[in-house]
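A, B and C label the chains in the order they appear, each numbered from 1.
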Amino acid sequence: MPKLSTRWYKVFHDLWSSRTRTLIVALAVAVGVYAVGTILAAQTLMLREFSLGRAKAQVASAILTTYPFDAELAARIAALPGVAAAEGRATTSVRALTPPDTWRSLNITVVDEFDQMQVDKYLPVAGAWPTQKGEIMLEWLGLDYLGAEIGDTLTIELATGAQKQLQVVGTGHDPQQLSPEIINVTGGIVTPETMTYLGLSHLFTELHLRVDAAHTDPAGVAAVVDAVEDRIERSGREVLNTYVVGRSMIESIVDTAVAILNSFGWIILLLSGFLVINTISALIAQQVNQIGVMKLVGASRLQMAAMYITLVLIYGVLACLIAVPLAVLTGQMLITNLVAELVNLRPVSYALPAEVYLVMIAVGTLIPLAAGLLPVWQGTRITTYAALNDIGIHAEAAGHGLFERMLERLPRRWLQRPLLLSARNAVRHKGRLLRTTIVLVLGTALFIGVISVRQSVNTTQADFLRYHQYDVRLGFGEPLRIARLAAIAAELPDVVAVEGWGLDSALRVRPDGSESNRYQVVGLPGDTALVDPVVQAGRWLTPEDEYAVVLNATVAKDELDVAVGDTIVLDMAGRERPWTVVGIVSTDAQGPKIFINYPTFAYETRTVGKANSLQVISARHDLRAQQSMETILRNHFENRGVEVRSTRTTQRLNAQNGLMFDIIVGFLILMAVQLGGVGSMGLSTTMSINITERIREIGVLRAIGASNGAIRRIVLLEGLVIATVSWMVGFVLSYPAAQFMSSAIGIALLDMPLTFTYALPAALLWFVVLLGLAVVASLGPARSAVTLTIREVLAYE
Amino acid sequence: MGDSEQLIELRGVKKAYRTPAGDFYALRGIDLTIRPGEFVALSGRSGAGKSTLINLISGIDRATAGEIWIADQAIHRMNEEKLTRWRGRQVGVIFQSFQLMPMLTCVQNVMLPMDFANLYKSPKERVARAMHLLEQVEIAEHAHKRPSAVSGGQRQRVAIARALANDPVFLAADEPTGSLDSKTADAVFAVFEQLVAAGKTIFMATHDRELAARAQRIVHIEDGLLVEDA
Amino acid sequence: MRWGRRRTGTERAMNGATLVAADGIIDLRGITKAYATVAGPFIALRGIDLTIQAGEFVAVVGKSGSGKSTLINMFTGIDHPTDGEVIVANTAIRHLDEGKMAEWRGRTMGIIFQFFQLLPTLSIIENVMIPMDLAGMYGMGERYERAQHLLAQVGLADEAHKYPATVSAGHQQRAAIARALANDPPILVADEPTGNLDTRAAESVFELFETLVAAGKTILMVTHDSELAQRVPRVVTIADGLIVSDVRRN
């Protein structure tokens, strides 16, 4: 005979003899641990690796553009007070041949000393630095984008049309570079010698500046930038542009994703806590008779508490064994498969800090313990008689609460006793019902909310295309006569219509004399059919407008002092002019934009009758048709001797916008699945517990003439009542919840609320799912109840 | 303890059950003394208060009023925790419905009280004692079966062996033969007679008059009062 | 005294069951019941023949473990015999499955348990109404009035809207009797109906039974209270699975 004391055999047999129950309880606990663990793991990894990447890359505080300068000036600036590092760079945009015959954009940046980089660093990933002439190191995501491998030779075409060969010798990680799939361009670095080889200047035009720790606040950065501008100007160069690095899109995406995970994490923790409490307390409540027997033979309170603590801890440990590895794995998978490429993360480590494991283990063990201790304590406190006869502990007398009174108001004809029985049974264990209802109501509201946010994201994404109501855009290196462009395009049978736009850039000269970052300026006909703006303030352009501008929301956010009706000074094409702001429109997620009526734009840029961008409407608008049109147009224009700098289809633009939302949508779906899972588990466990506890009553119903069908109806109705009432409350709450979430997520991500769309189909589908779950969860125990003969049911009296 | 002439002494014991329809008195003033080594049968109809009296004497339930002294201990003053420990060592309780732990084997059921009371500390000693008790009630060959695998009479024998586990001062039995056929009931009763012969004190509630007649002393209860003591 | 009028419920419930000619309202022929235990088969009933005529008041007595509860489970259809035929109200009940049996039972007999077995979440009058709901007997509006009438008959009119847990044991048993009468079944089966009641409450329940028999009901009562049994017109004594005596007093 083994050495274990007899009482531990009871614990062991409780676990082993009811393996199915053990598994169900462990799973109920595991669902909570998994939900919380996944969220924590994903959040922790994403935040840590993202900040780590940016910290290692030593992101610039500001980038100043000026006339060509050498490393010596950069070194002198680096020595200025408040400057931590300053390096010269120059970037040139080229096209690279991507097999078999696509040209893709590549920004080649010249770097002086690769291993001395102190700001906006490339972190080597594979291969070697491109130290030799004719070598290039690509951003690591660029390999796939350009269809290249390390060792390959890349054919590039310069702005002049000249083609050159560069050898890819390595890859590096630039954490600031978004996925090329989103921004449609990748990058690479070369030596000054290679720039000369390409026929370009080896000098720098950009000064990348990083302030020291004492100056990281906006005022500090501004002060240091001022000093640097002075220093550059004293060297005889005019500062052409100053770009103060703000919050990037990547940061918005990461911050929003983290915020989503964080807020839902707490709610899911609460809900899974309720789930665990319901399961464990019902389990212990079923043990009251055995507690009575143990008291009968002299078990002290502490002895029994120790037994049940052990039992519950084993459930918890089992749950953790199932859930912790799965949660960690899921968290890591979310990073590698969803986040890493899109926000360009290269996680150094997937290790999770101890706190994450501790929280998971706490959810898996402490909550069940807390849930189990109360009933054990109550069970050991009542007299042995009460425990043996299992009275006095969970007998919550049928009360006369609000629900009861509501039921009594229903007409008697309408409310048959079986329905009444279902309704009363549902409210019998008020604590359990309350917890189940909270789980289901919150689960429902948030599930619908989350799906609605997803819908809103889609709608918002569709709204971006309101500014691109054409099929293909052709970009030219210089403004060309619109009449000629239109004539060439018209030669193609599938071209329905074309419109020439002028694109340039401008910066705002603020009243205090400071200058803004450069904003894109779009000169387009005031009555264009290709833009269907969402006007947030004022109005859209008219053909009569002259010195009138419409700002998009991104500009308006940067220039907070500007309101509709104000006059602002723009520096465009080297001329400062006052312009009247007539309206503010929503963003198209393509950065800051200022819209100007074409005639005024053409006059100001001295490009009358010319455009550097041609918008083409073709006969068909699907992705494939647009892509073939894109190639046809490019070839056709080049055959006609017109060099095309860039092309873009609107379907591709839409797809790229979608990629930006992918992470957010991915996490939203994850939340929806987890809320759904916890909600389902909550309903299922409550129903099986409720039915299992009432097997004897089912026997009584049998004895007084209830057929199988009648018993099934009574049992089913109870589940359906709980599911329906919870869904209705959750449904009502889901609308404001969805509205709030879509606005909060929109503001976090795009500085504007998403275009709200309520996911009614999801709400209805969820209702069907809940009803289905109620049926499944009730029918299982109900089936075993009807197969028992009355003798078995009533036997133990 | 045990040097007192009375083993069990009840003075004016009352038990009321609180019902919303008012207090219902199951026992309405019981005075009773039992000497060591007595075999007392408590007879009466269903609902007369037999089970209530057994429950009070074994400390399973608490009296509303009155005093219960057992082996010089004031049972009525003990709290639930003390009562449980006291019962574990001093009382063996036997029910009509056996109340065995279904997941434990027969021998483990018998060892359980020793475990909780922390008596007969070495595992070897416990097993030996449990087996010895099972032999005494002639059920040793089923020692390693679960209660569900043996017949009702055999279960009751296991329950008796369990009641004897910690060598208690007295045994309290509530309808111990109530779920058994007459042959098995006879056999179980014979076990009681042996135990009494070996010096145990037994207080047994039964509505079976024939069986009651075989005890040394019959106490008759009716509607919560003792009406006869023979 | 009339305890309510009957509908066509019984006829409907017999769908699928075999109608057979029988001597009495309850006819047991050669009933054997064995339970398989690990310790070998245990024979609870060893060939019981028993015929009960409509309107009889029969007490089944015997010690615990004698087989009397098993016997009652046979003709209520709560359990099935290993061998033999049970015919109740011209229905051979072994042809009914559990679900059909429940429907048939709901209309044919009212069962009264030692522990009352009222549904705790329903008020007393709702407990009385539920068998009518389940059997689809009486019109919707009629059920409430009928339940009130039945409760008045058992002297519980004042407590109709209370919950079972809030009334005394005796009153709970009266409510259970009213529930057993809900569908006006020809047969009442009572398993130790006074087992959990004090003498006075037991007495009044017994008197209620006598009134019901006088009104034409057939009552079978299992008891181990020999005093009570003495007052019943016919006493069937069972011991170790056999009927050892069957005594009729005038």
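Everything that follows uses one rule, which is that a contact is a pair of C-beta atoms (placed from the backbone, for glycine too) under 8 Å apart; a residue touches a chain by one contact, two chains touch by 3 or more.
Quick caveat: nothing in here was measured; it's all calculated off a predicted structure.
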| item | value |
| --- | --- |
| Nearest-to-centre chain - CA centroid comparison | A |
| Centroid-based (C-alpha) most distant chain relative to chain C | A |
| Chain B-chain C separation of Cα centroids, rounded to whole Å | 34 |
| Centre-of-Cα separation between chain C and chain A, whole angstrom | 66 |
| Set of chain A residues in contact with two or more other chains | none |
| Touching two or more other chains - residues of chain C | 165-166 |
| List of chain C residues in touch with chain B within their complex | 37-39, 42, 63-66, 165-169, 171, 192, 194-202, 224-225, 227, 239-240 |
| Complex contact set, residues of chain A against chain B | 1-3, 5-7, 9-10, 13-14, 17, 290, 292-301, 303, 380-386, 388, 796 |
| Chain A-touching residues of chain B, taken from the complex the two chains share | 55, 59-62, 80-81, 83-85, 87-89, 93, 97, 99-101, 103-104, 108, 111-117, 123-124, 126-127, 162, 165-166 |
| Touching residues on chain B, where the partner in the complex is chain C | 19-22, 24, 45-48, 96, 145, 148-152, 154, 175, 177-185, 207-208, 222-224 |
| Contacting residues of chain A [partner chain C, same complex] | 395, 397-398, 412-413, 416-418, 420-421, 424-425, 428, 696-697, 700-710, 786-787, 789-791, 794, 797 |
